[in-house]
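A quick write-up on the structure given underneath.
Chain lettering (A, B, C and D) follows the sequence in which the chains are written, and residue indices restart at 1 in each chain.
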Amino acid sequence: MSIPKLFRRSLWVFHLNTGACNACDIEILDLITPYHDVERFGIKLVGSPRHADCILLTGPINVNTLPHVIKAIEAIPEPKVLIAIGSCACGGGIWFDSYSTLGGVPNLIKYLKEHGLPIPNVIYVPGCPPKPEAMIYGIAVGWDLVRQKQVHEVKVVKVSEEGVKAIEGLSRELKESLERFKRFLRGVKS
Amino acid sequence: MSSVGRLDILKKALGIGVVTRKYPYVRVEPPEGFRGKPIIDPDKCLGCGACAEACPPKAISTEDSQEEGARYVKIFYGRCIFCGMCADVCPANAIELSKEFELASKERNDLYLVIKVPMVKCSVCGKYFTTAPLLLKSLENVPEHLRPIMTVCPECKSKLSSRFTSFARRVGS
Amino acid sequence: MLWLRLTYIVLNVLVALLLAPLLHGIERKVKAKVQNRIGPPILQTIYDLSKLYRRAPIGYSIASWILISMSFSYALILTLLVPTAFNVSLGFTSDLVLVIYLLTSTSVLMALAAIAGASPYSGVGSSREASLVMAIELVIAFIIGTLAVSYGVFTLPKLLPIWDLGFKPSVLGALTLLAILTYIEGLRLPFDIPEAEPEIASGVYVDFSGRILAAALHTHLLRRLLVTSLFIDFLLPREWFYFKLGGYLIDLSIVPYLIIMVLASVIYAVTEALFGRYRIDAALKLLKAMAIMSLGVMVLAFAGY
Amino acid sequence: MRSQVTEVAKKLKAFGEVYVRDGVVKVVTDEDRLKDLILYMLQSLNARLATTVGVDTRVLTHNYRVIHIFSIDDLKIYVLVELKVPKERPAVRSITPLIPGADWSEREVRDLLGIEFKGHPTKEYLIRRPKLWLEHAYPLRKDYPHSKKVLVPSPQYDIEPTKGFSVAIGPYHPALHEPEHFELVVDGERIVEARYCGFMVHRGIEKLGESRLDIYQIPFIAERICGICGFTHSVAYTQAVESALGIDPPERAKYIRSILLEIERVHSHLLWFGVLFHVLGFDTGFMNVWRIREPVMELAELLTGNRKTYGVNKVGGVRRDIDESKVKKVKEVVNRVRKEFTELIDKFLNLSEVIERTKGVGVLEVSDAKKLCVVGPNARASSIDIDTRRDHPYAAYPNAEFKVPVSDGCDVYSRALVRRDEILESLSIIEQLVSDLPKTPLSVEEVPFKELSEGVGATEAPRGENVHYVITGRSRKLFRWRVRAPSYANIPSLLYMLRGQHLADAPAIIASIDPCFSCTDRVLVINLRYGTKRYVTLRKLRSLGE
């Protein structure tokens, strides 16, 4: 699910703010300014979704913007890419369970599936707001220029040997004292 | 067409020259104290869930599974806002914010860090009720003779204590 | 010799098609350097166009598809008339009228195609494009009129280059006006009002997408190239660069032509980087003044100087 | 200050019971005495309406309450006018006929709490979308769970076609990096009438503040109300809670708060200059100003660990310190920004086409500005001299001298001049505060929690006065939290500025008040350009061509 080969040299990007706090949006504008200058990769910010190849979606997809988000996604010619920028877009951010937001791109994709609408390729760029370099890294991952560092990871907590033995010892001790107490009870009853 | 002003702008612009940083070909090092990706150190983590409680966007969640007898502490980096509250409240200082900020990924599943903490069975009903490291840590400040009682889950403990009191009352009367 | 002329004409069209985006790439690079940043590679506009040509348009109306392809083909015909890389053009009498007609109609067709898009932005964009280009073509018509009147010749190849036909004050005035106009005709910054991106969301182009957008952008770049090369042809003595090779006449005037074109786009890019955008009425005021000046020059030509 | 408060309290006794607590006077009145109380305050006390708060107190006193917050700037006090609203059919008299500035806040209370305002001029919704929101979903009522979505199960996407030929700027317009929506009815290139429909960024911040988050987590949500001026919201919130609980943070925390507030003002104004030049088409100006701004962002990253959301604030103090090496870096960046900014900004501002498109454009008359209770650089550019840092001093501003730039040009150009002087003032404030940081702990030891006490916190955000109103609830949670962001007051003034201007200038005028829509939870929808197909008649084409 990455950016198609067609856009390797020239990626036109449409910025779609679905109710974000606009910290991510000014970092997106920051990409064009001299220090980061994404135009050297051929990335250009365009004014209409029809010219665009990829949507930079920021914000937790506010309920009021929903019709227009769907219209914008439909208006992008195939093949289309959606980059979710910031923790609001990737997982809903602080307002993931608020009454007036959809809760980020994962819920949007579920919503699009339910209504049988086209699903774009998705790339997640977490951060609140993600540094401009993090966004460039996201696009580089999409282009398979760099290896993706962030991988699903499971770490297991190991308990020391004598710890486990201590717990077993204690629970055995408790069981014996319970037995003794039950025998004592039977004795008293009889 | 105030051309004099424009020529000054041109002169100054050319004087400064190109300032673009050639990222990603050049490594960018964030400063000290940068709030990046929170990382849990499995050796120190007790599995107590204090971080899940304090996390404003509920990005950290804990889930006990009785079959595997383990508690899963999951951090979802997609919703994490990198505020550092989890690092502040962790009793064992197991979480600390690294300087890692390149977290882009193509699958949502890659954004999860899962910590598997083994749990302890209750010596009466056999249900898993707390994690092993947490139990060991809390044993330290429990007097010697009371330690065995710590291996009983809260429900059984309340049942036992109620039977004790009813027995004591009967004996007393 | 006929086949040699034909190959030159075909080469002429191909070079024009490739040179237009290349020069635009150079302009974007120079503009970026003035803004202290690295800027895109020189071939960036060619990459953009090649990507856009391969993408299917979405939600377009047939009218805009037809109008845009017409305006693109007009621009191609124009490359046959105006000598760009090689000193060859169809060159029949009164081809200057056709040049003016083609220049005007490419942008009028673009405006009509924008209206077909039925979105308010493209509506406003097309109204701006229509009013702006009318003013510019008026001035170009006067300039070409003065040249034709002062030399009594109405075919383009005979007018080129001006040096052999001797200098007159009216011709000098016309050429300086043409120099300023080549900058404005390209709708560069103070005048890039029809597709003012921040104001009306790339007004004229807002409804095109995929191949249609590629054709529209390519036409726009071609017009820039042709007006600039029209101006350069008047001044560039191409005969000096002919040389004989086994009975055939090889025309090497492409080399000086390219050098001058690159120099011109560098100068244009630097001036474009230092300007904000005029409002439509301010731009029209300036063009009205130029129209009056060019009319004055034409009267001068009639008077015989 | 003590005497003025008691003197005002005595005067207001005629209108209802009066309660006084450190700088906040509360008047509990009823509907019939409301009118002359408001007139009295407007004429003789020269008060200005900050905002209106609707509170669902049915759990406590079986009724709703509507509280109008007035700020009396020259006496440096806040006056709360409280009205009790019956439980069954909640309705109360509206004050919008008296103060046009109250229009939006009253409509918001009606949308989210269902309290009717008798005599309110418009019936239009502010936040709700009839076709998208559930019919009787009033989210701010206590019985409405915070995670119950208001979205109608299957909303249709037909967007209402434009009435007449109107050009909509937004929601996804390249000049505005936020989804806001202005419907400008245009005749040719001249704007005949402007309609604003906002509220697309409404994320239910106040509801979350009451339900899921406790007072220690709320600073992080307060900071994300607005991405550009987030820290002012978090400081305003913590000051509101501190005034409610009666805590006074240590001096060093106040200094660090003020320093970071001024750093945020510098970066926000520089950003504004960049957006203005970009909208005017002068991209070199945009690039240069944002190049000058980059070191400010890196300085914030060094001090707080994040470029934008500083996350340094907490109730009762600050979480991070500014040590010696950082103080040196701050001074170095301040000098560099001052040198580069003063060199270039005057050259950019007197370019002929920049002057021509900003002088005399988007004029807001002084009378209109007063009527609409406009705040911040907009007000100061229309010769209204208000500045919360001086009128209601907070944090470390009492021990930093600075003058408040005011100009009477009332147009986009004078707003630019006011903001330019403010940047230079902020830079000097940062230098003054950083050089003598007092040696005190960073935050209060423990936070005594009092239930059901009110607090008002105000700061001067880059766009204007920012008011937070707080009622504390039980077990370290809030009962009610009201946010009034500066753009909330500035946007209505836009509709006055846009009339009769050129369409090409509309984005410049909109950008001139530096609207921060995520601040005001206010953004809206437009008929998207490919929404409805409509063919232009020839007559319309000609009218376009004039």
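We take it that a residue touches a chain if its C-beta (ideal position, glycine included) is under 8 Å from a C-beta of that chain, and two chains touch if they have at least 3 such contacts.
Predicted, not measured: the structure shown is a model, and the values here were computed from it.
Engineer: Contact counts by the stated rule: is the higher one at A-D or C-D?
Structural biologist: Comparing A-D with C-D, the pair joined by more C-beta contacts is A-D.
Engineer: Using each chain's Cα centroid, which is most distant from the centroid of subunit B?
Structural biologist: Computed centres place C farthest from subunit B.
Engineer: For subunit A and subunit D, let me know how many angstrom lie between their CA-based centres, rounded off.
Structural biologist: Inter-chain centre distance comes to 30 Å.
Engineer: Quick one: report the Å distance separating subunit A from subunit C, using the average Cα coordinate of each chain.
Structural biologist: Taking the average C-alpha coordinate of subunit A and of subunit C, the gap between them is 48 Å.
Engineer: Using mean CA coordinates as chain centres, what's the subunit A-subunit B distance in Å?
Structural biologist: Spacing between the chain centres: roughly 17 Å.
Engineer: Touching two or more other chains, which residues of subunit B qualify?
Structural biologist: In subunit B, the residues touching two or more other chains are 6, 9, 13, 16, 18-20, 30, 56, 58, 81-83.
Engineer: Counting only residues that touch at least two other chains, what does the list for subunit A look like?
Structural biologist: 33-35, 37, 40, 46-48, 50, 75, 93-94, 97, 128, 131 - these are the residues of subunit A that touch more than one other chain.
Engineer: Pull out every residue in subunit D that's touching 2 or more other chains.
Structural biologist: Only 173-174, 212, 220-221, 224, 284, 287-288, 291, 306, 309, 351, 529-530 qualify.
Engineer: How would one label the connectivity among the chains shown: line, ring, star, complete, or other?
Structural biologist: Topology of the interface graph: complete, with all chain pairs in contact.
Engineer: Would you pull the subunit C residues touching subunit D in the complex into a rising list?
Structural biologist: 34-37, 59, 115, 117-124, 126-127, 130-131, 189-190, 192-193, 196-202, 206-207, 273-282
Engineer: Under the touch definition given earlier, write down the residues of subunit C that touch subunit B in their complex.
Structural biologist: 33-38, 270, 273-275
Engineer: Spell out the part of subunit A that touches subunit B in their complex, as residue ranges.
Structural biologist: 1-2, 34-37, 40, 87, 90-94, 96-97, 104, 106, 122-128, 130-131, 133-138, 140-142, 145-146, 148-159, 163-164, 166-167, 170-175, 177-178, 185, 188
Engineer: Considering the complex alone, what residue numbers of subunit B touch subunit D?
Structural biologist: 1-2, 5-6, 8-9, 12-13, 16, 19, 30-35, 54, 56, 58, 81-85, 88, 97
Engineer: Mind listing the subunit D positions that touch subunit A in their complex?
Structural biologist: Per the stated touch rule, the residues are 127, 129, 132-133, 137, 139, 144, 146-151, 154-155, 157, 159, 171-174, 177-179, 199-205, 207-208, 212, 220-221, 224-228, 230, 271, 274, 286-287, 290-291, 294, 297, 306-309, 516-518, 523-526, 528-531.
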